[in-house]
Amino acid sequence: MAQHVLEIRNLHKSFGEREVIHGLDLDVRKGEVVVVIGPSGCGKSTLLRCINGLEPIQQGEIFLNGKSITSGKIKWNLVRQQIGMVFQSYDLFPHMNVMENILLGPLKAQGRRREEVEAEAEALLARVGLLDRKDSFPSQLSGGQKQRVAIVRALCMKPEMMLFDEVTASLDPEMVREVLDVILGLADEGMTMMIVTHEMAFAKAVADRVIFMDGGVVVESARPEVFFETPQTERARKFLNTFQFREVRHCLDEDDEDCLP
Amino acid sequence: MDIDYIVAHIPMFGKAAFLTISLALAGILLSLLIGLACALVRYFRVPLLHRLIAAYIELSRNTPLMIQLFFLYYGLTRVGIMLEGVTCAIVGLAFLGGGYMAEAIRSGLDAVGRVQIESGLSIGLSRLQLIRYVVLPQAMAVAVPAIAANTIFLIKETSVFSIIALPDLMYVAKDLMKEGNSNESNFMLVVSYLVLILPVSLFFTRLERRMRRAGLGH
Amino acid sequence: MLDSVTSIFLSGRNMSRLLEGLWVTLEISIISVLLSMFLGIIVGLMMTSKNRLLLAGTRVYLEIIRVMPILVLLFLFYYSLSKIWGINLSAMSVAILVFTLWGTAEMADLVRGAVTSMPRHQRESGRAIGLTESQINRYIIIPQAVRRLVPGVINLTTRMIKTTPFVFFINVPDLVKVGQQIVEITGMRNVMASFWVYGLIFLIYFIICYPISRFSLYLERKWES
């Protein structure tokens, strides 16, 4: 049996009266990349936030490396050190430069040695192509650069797994790629990840498994080529269709070769 | 206007100005401490205490310093609490300023976005570390303009200290007026306050500009 | 204890004198606020003009008022300027004059802020749907400016009320002055007089200012969303 980094059993989450996740089960293997997609309001972002303890849950259990992080007295700051998270909105601390942003967690929360962490941070920054910006402040960076730094900041904690919550949703189109490439690189290295995204091509490329959520439950769970080619449910087909456009414009000219029937 | 008269009385005004600025400094520093403590209590909604603090803030912000001083200095002696002039002035100014500073800092705290807090949490900071390294630095930067306005307001408010028999600038000026030199003493009064407040005002203007350039605050 | 309270407030004309003092306090505040609003709008609009002389002039005026304690201004106008100009103003008139000078500066700054913080696209989108300039002002600019102004104006009002005790220094018979006189007279017989009288005045100020500041907060929150 493959080792599960994350196990979720019968998770229920509600905001007041409204239940947004109804009894969700999910296992994530070590090194697996799980992409979560679904219409807005389906509970996919909430799922990530529950895993990181940013939202209290009403019922169910979550295990990280076999240990429950939902029952008993949980030291959330210690749990969160093992789970890296990157958010949709640029979440760098505006009063610190890039290096200070990255060092804060390892130095203060983990109490590690500065020289060691700094060397690691520089290596990671170099990898995402931002070593020359280590003294810049967030206000001097582009959106794509900020998100790459946010990823480095999370990685520098040496997490067991990473959560990405629509990290490219507020980016200008030309900056999306540079961020997604970093995540693709992580996948190649075997980082365990859960990714919420609306970039379908990226989902197809990066995922080991695609999870389609709707109405607070997992509707489909399959390998990406299976899910995108032959979705099993009507709901998934409908959702995928919203990303398709019929090419009507060319068809005004009947001799056009591009014109499809 | 009699220049010689003015020159002759410079040391006297200097001494009074020193008293004014010392009292203001003490009162304002205390105000900031009280304000910070109150703002944090309100921010974390510490049970019971935060209601008490809310009441204090409303009380201090909705009553004039002069009346607070009258009550502290003349009223409380009657129920056995004796405060001497200097103590009374500092306590009064801190009581007033604490409420104003608390509001200024709290609005700064409120301006720190939820995402900032969540990303601080997600890198495993404890509550205390989160406040110290992420929330407070940003909140204080946002609060600078309000703190600046409060500081200048509080320095100006010190002008009433003569009612509790402290020999401050107004006290000295009033004394000289009794000798019939109202123009000269008023002139010195205006100059003294300009010398006291203008540098503070300029300092804060610069600070705000620097903060804005650094992309902090609003 | 009750005896000591009643002997102060029910003896002679003490209570009605306190009320008269309160009225003087309110009179100064109300008249000054109304005058300040009127003059402040004019000066505030001057501050948004492009005339450099006008800008510099209003700027200097605003800064001087900002820096000077109101008490110093009261002294200046009461003891010196009336002498220099040879006009003899009553203490009450000086109080209203100084409060209006201060209020006008504050109001002008509020007006300037409200006008300049109006996003330019508001006017442009008004033009885009074919409104005339005066229609744009009437339906788009002024209603929004008023919303931005009102909380500030209310706030200014409470600040004025809280500053009125300063008129005590130029012998205007306001609430504080009357209170002090009562303490002086009844204090001979009743040692608790200063506690009760100043305590009551403290309470009166709170009872007046607290609802007004709550109202301002309510409006701010209502209009924010």
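Per-chain residue numbering starts at 1, and chain names A, B and C are given in the order in which the chains are listed.
Here, contacts are C-beta pairs under 8 Å (C-beta built on N, C-alpha and C of every residue); 3 or more make two chains touch, one makes a residue touch a chain.
None of the values given here were measured: they were computed from a predicted structure.
When the partners of chain B are compared with those of chain C, no chain appears in both lists.
Centroid distances from chain B, each centroid being the mean of CA atoms, peak for A. Of all chain pairs, the one joined by the greatest number of contacting C-beta pairs is B-C.
Chain-level centrality, scored on Cα centres against the all-protein Cα centre, points to B. With centres taken as mean Cα positions, chain C sits 20 Å from chain B. Rounded to whole angstrom, the centroid-to-centroid distance between chain A and chain B, based on C-alpha atoms, equals 47 Å.
Between chain A and chain C, the centres computed from C-alpha atoms are 55 Å apart. Counting only residues that touch two or more partner chains, chain B has none.
Chain contact summary for the complex, chain C toward chain B: residues 63, 66-72, 75-76, 79-80, 83-84, 158, 162-166, 168-169, 176, 179-180, 183, 191-199, 201-202, 205-206, 209-210, 213. Contacts from chain B toward chain A in the complex involve residues 113, 115-116, 118-126, 129, 133-134, 137-138, 141, 214-216. On the side of chain A, the complex with chain B involves touching residues 52-54, 76-78, 80-81, 83-85, 87, 89, 91-95, 104-105, 108-110, 137-140, 150, 153-154, 157. Put simply, chain B touches chain C in their complex at residues 58-59, 61-64, 66-68, 70-71, 74-79, 152, 156-160, 163, 170, 173-174, 177, 182-183, 186-187, 189-190, 193-194, 197-198, 201.
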